[in-house]
Amino acid sequence: MGELLVQAWTVARKDLVLEFRTRTALISAVVFTALVLTVFNFGRDPTAVPTIDLAPTILWVTFTFAAMLALNRAFQLELENQALEGLLVSPLSRTSLYWGKLIANLVFVAVVEGVGLPLFVLFFDVPVGRVLVPLIGVIALATLGFVAVGTLFSALVIRTRFAELLLVVILLPFLVPPLIGAVQVTARLLGGRPLSEAVGYLKLLAAYDIVFVSLASFLFRFTVDE
Amino acid sequence: MGELLVQAWTVARKDLVLEFRTRTALISAVVFTALVLTVFNFGRDPTAVPTIDLAPTILWVTFTFAAMLALNRAFQLELENQALEGLLVSPLSRTSLYWGKLIANLVFVAVVEGVGLPLFVLFFDVPVGRVLVPLIGVIALATLGFVAVGTLFSALVIRTRFAELLLVVILLPFLVPPLIGAVQVTARLLGGRPLSEAVGYLKLLAAYDIVFVSLASFLFRFTVDE
Amino acid sequence: MSLAHKGRRITLVALVCVAAVYVRALAFTPVERLQGPAQKIFYLHVPAALWTEAAMILVGLAGTFYLFLKDPRLDRFAEASAEVGTVFATIVLTTGPIWGKPIWGTWWTWDARLTSTLFLFFLYVGYLLVRGAVRDPGLRARYAAVLGICGMCLVPFIHLSVFLFRTLHPQPIILKPSAPSLPSSMLATWLFSLTAFTLLYVGFVTQRYALSLARDAQRGGSPEAGPV
Amino acid sequence: MLSAEGLRHAFGEGRGQVVALDGVSFDLTSGQTLAIFGPNGAGKTTLLKVLAGLIHPQVGSVHVTGGRRAIGWIGHQSHLYEHLTVRENLLFWAALYGVPAARRGPRAAEVLGRLGMARRADQPVWSLSRGLAQRAAIAKALIHDPSVLLLDEPFTGLDLAAAAELRALLGELRVGGAAGGGRVLVLATHNVDEGVELATDVAFQRRGRFVHFAPRGGRGPAEIAEAYRRAVVDG
Amino acid sequence: MLSAEGLRHAFGEGRGQVVALDGVSFDLTSGQTLAIFGPNGAGKTTLLKVLAGLIHPQVGSVHVTGGRRAIGWIGHQSHLYEHLTVRENLLFWAALYGVPAARRGPRAAEVLGRLGMARRADQPVWSLSRGLAQRAAIAKALIHDPSVLLLDEPFTGLDLAAAAELRALLGELRVGGAAGGGRVLVLATHNVDEGVELATDVAFQRRGRFVHFAPRGGRGPAEIAEAYRRAVVDG
């Protein structure tokens, strides 16, 4: 277990160093966030649609996109000079590979969300002050779930051609439950409703995380080749 | 001029054959369209926000994303085995390269939009029947403008490192006028307002197209190396 | 007197003028009835906003001439103007919200003009990033010129959106077809501050231009380059 | 230490099928070096990928004493991250192969020094010329001191000095350094002149088959070349 | 036909700067073949990229009679689209180089046949082995029958038969085929044995400079190798 985490961290650190050095994906994601937020603002008629009604959806579309970027990036990176071949023939267990990528992906998505959230607050002028802690909690809960599934799938498709495409297609249905949950809870929070109203969705999110994080942790060994 | 177009078509056809054979970017764009549409559908509270108010924005965010994908794809493709180096040392004029990429990009974006629009109508149940022709007209008008600028810029950044990132960053401000225009006209159309109300925006879109298509056609020769 | 010296001199004069504008504004210009003292920021905000746009247009013009004349001085000027424009855009983007909070009760609003300033700022950032990414000086100048020209043409489009999109932001008071609708003492102060900012622009650009000259000289006169 | 049993592998299906491996078996023990010669498309790379565990053969099996950790593989691709420096790459792979943290730095320096890359250690990989990148790839494959070395045209792009150095290095490795016993080397190339001296065993591969497989005995490059011509070119 | 005048080019700046070309000048006319030998990192690839017009040298200039259309360049990369077949690639490049539509098909078949790739013509490039991909790259560079050929380690990955064939082909090209006059060839490699026979002129490059540049005269591989050792290795 210790060994496993050490190796996972080795992989994650390498990814993060590379990402930090090139910054391509990260800045793209941040710029895209700014773009989406801007476009939404110009699209709506401020008198017709109150901000609060739209904000959660916009927030989550943006975050989902950032996550997809991260997941794609995670294995695109391994294709230069076929480093992936090197990883696969090395003694690195697929488990460590999975956890390493998961950690890197979560950090990546967290950074984008960390930049996106203030932009969102600034641009939409939504009152998050009071609900900041639960809001961050929901974001973490939903993000963990779909990044975990996405990382498993990216490990799964990583050696097929058209990995990128396959990933998007197979991940799509899995995005629906966490997204619905997240949007609904965020809407309740921003609307100033008591958290108790959202308890059903919170349970959904938590259940999803528990099921899919453990499932992924159990299943990845079967994506190992032996 | 004839020679120029022949060469441009050679480049465009090659791009389209490659795209058709791998389909990665195309399907990703289509799936993304479906994803965004789905998320929006689940995200909004149908009683609070009438569909019509949201639809234009959603449509255009999706289309913009598809275009960015196309523009990125356009030169990513040339990086495998450094085919780009081959193009640059060949007698192909940069003008032809520009037009070839422009044609391929427009076809690509048109296909995505052609798939996205019916999905959009299906999911959002917006009444497009009556306004279909003007709607397609607006889509064509707005798309032409930003794809033309985007293609010029992609030729500009193509040889720098971090081309992908740079493209997103420099293109962003140029997306604003066509997007605002397109969203506003689409909103008027879907809202059943007379087209005359949108005439200002239509002029804006047309002017943008005229200015930037001619500007790009004029300027690309300076991205040629001699 | 070296160019850098001259630039520093002009900047100094300009800063003194800006200070003088504020002395005048705070002490001698009437407090605006509706907005109160917050309106004082106007004298910093508006000239900076005007020069943000003007600087972009000058970048584009310099680029246009560069493409035909291939004179590296034009490219140096464009670079200097873009950097100064970025600084001015930053000033607008900071003074605007500081002003907006007491007036509108919010730091930021999706007013078209605010957004257009934001995107002008992005335009500058993109322009400077492209300059940084291309190392061959000839190529860099050419690419920068192309982007600069496109940027120049974009400014009116961004501006047009102001009139098409409903807006919270004050409509033009001074630069409008009919006569300016500003009390004359305010107008005088404003004109003075505009002069101050013009000087500030000239001073900054001169300094920045001298700096790039010095940098090229330090590299031994030979054009510095590399893989693109 | 390294054995292959009835390997068969084909790419594609139907009429376009290419049989890249067709009934290859062998058994190598410590100290042996198998040189595989064969024309383009003979299946050399496919064989090495199967041995490395990257391709699962459709038929047959491979056994390597020590498992993956024991293998060092130099393929057609360098497996290096372009935006890390040479040293950073080596440290990363050393960590993955379980080299103790304290040994990684010195080991990287040692391998790089040996390959004449000491001056280049802190350059990012993207700035290396082809030959220098190949040296870095060799360093990567040797970093964990593997006991089974799979070498797929390792001399590609190397200049004369580096090629000589690599030959010397491989010679030392084969018989075993200070650390312990000898190693197993498998060297694939289409050029008989390259590395014949290193070989204890020689195989000629053609259309996925070993058309010749025997100890080198005392045969020199000229004799091997002649045998190769007879078995592969004319055969 | 091909002249270079005082070429100088450096990568990077400050302390990490690498001077890849340092005052290289020459002038080649039809029928001449310049073989450039040099160790890894000497700047051979950089020189060829400058000649091909891909890199603009910081100092100096290049003149090629016939411009870009006259140049065929085999670099370290194949410039082939992985998802097109070999033939589709060739037809695409032929079109770009202005080969008349009716000539493209036959010309592609001719070049491929010559390089032993006729059977592989309809395979996608991604499915080729390294040596086969190199042959396809050579075919691509020859498709428009260039009068100036820039060859950067063209023998990489080729098997003995293909290498011999390429040598023969280059020999024919140099003196001119049926179509017309001779061509100019520039061949960069670090291996003196490779292609010395083709050369009319020999240059040794080291740290961006030509430390030796003279007609080959009657010198054979052994003499050249000796001169190389003296000028580059010991020098």
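Assorted remarks:
Every chain is named by a letter (A, B, C, D and E) in the order it is written, and numbering of its residues begins at 1.
In this section, contacts are C-beta pairs under 8 Å (C-beta built on N, C-alpha and C of every residue); 3 or more make two chains touch, one makes a residue touch a chain.
What you see is a predicted model; the values in this text were computed from it and never measured.
Listed here as common contacts of chain A and chain B: C.
Separation of chain C from chain D in touch steps, taking the shortest path, is 2. Across the assembly, the chain pair joined by the most C-beta contact pairs is A-B. If you average the CA atoms of chain D and of chain E, the two centres end up 28 Å from each other. If each chain is reduced to the centroid of its CA atoms, chain B and chain C end up 31 Å from each other. In terms of their C-alpha centroids, the spacing between chain C and chain E amounts to 51 Å.
Chain centres here are Cα means. That of chain A falls 48 Å from that of chain E. Shown for chain C are the residues in touch with two or more other chains, namely 112, 115, 119, 139, 165. Among the residues of chain D, none is in touch with two or more other chains. Listed for chain A are residues 22, 38, 42, each touching two or more other chains. Chain pairs recorded as touching, per the definition above, are A-B, A-C, A-D, B-C, B-E, C-E, D-E.
Across the interface of their complex, chain C is touched by residues 38, 41-42, 46, 122-123, 125 of chain A. Across the interface of their complex, chain B is touched by residues 22-24, 27-28, 31-32, 34-36, 38-40, 42-45, 48-50, 53-54, 56-57, 60-61, 64-65, 68, 162, 164-165, 168-169, 172, 175-176, 179-180, 183, 187 of chain A.
Of all the residues in chain C, the ones that touch chain B in their complex are 67, 112, 115-116, 119-120, 122-123, 125-127, 129-130, 133-134, 139, 142-143, 145-147, 149-151, 153-154, 157-158, 160-161, 164-165, 228. Taken in their complex, chain E has these residues touching chain D: 11-12, 16, 18, 38-41, 45, 76, 123, 127-132, 135, 153, 156-162, 190-192, 233. Here chain B touches chain E in the complex through residues 7, 10-11, 14, 17-18, 21-22, 77, 80-83, 85-92, 225, going by the rule given at the top.
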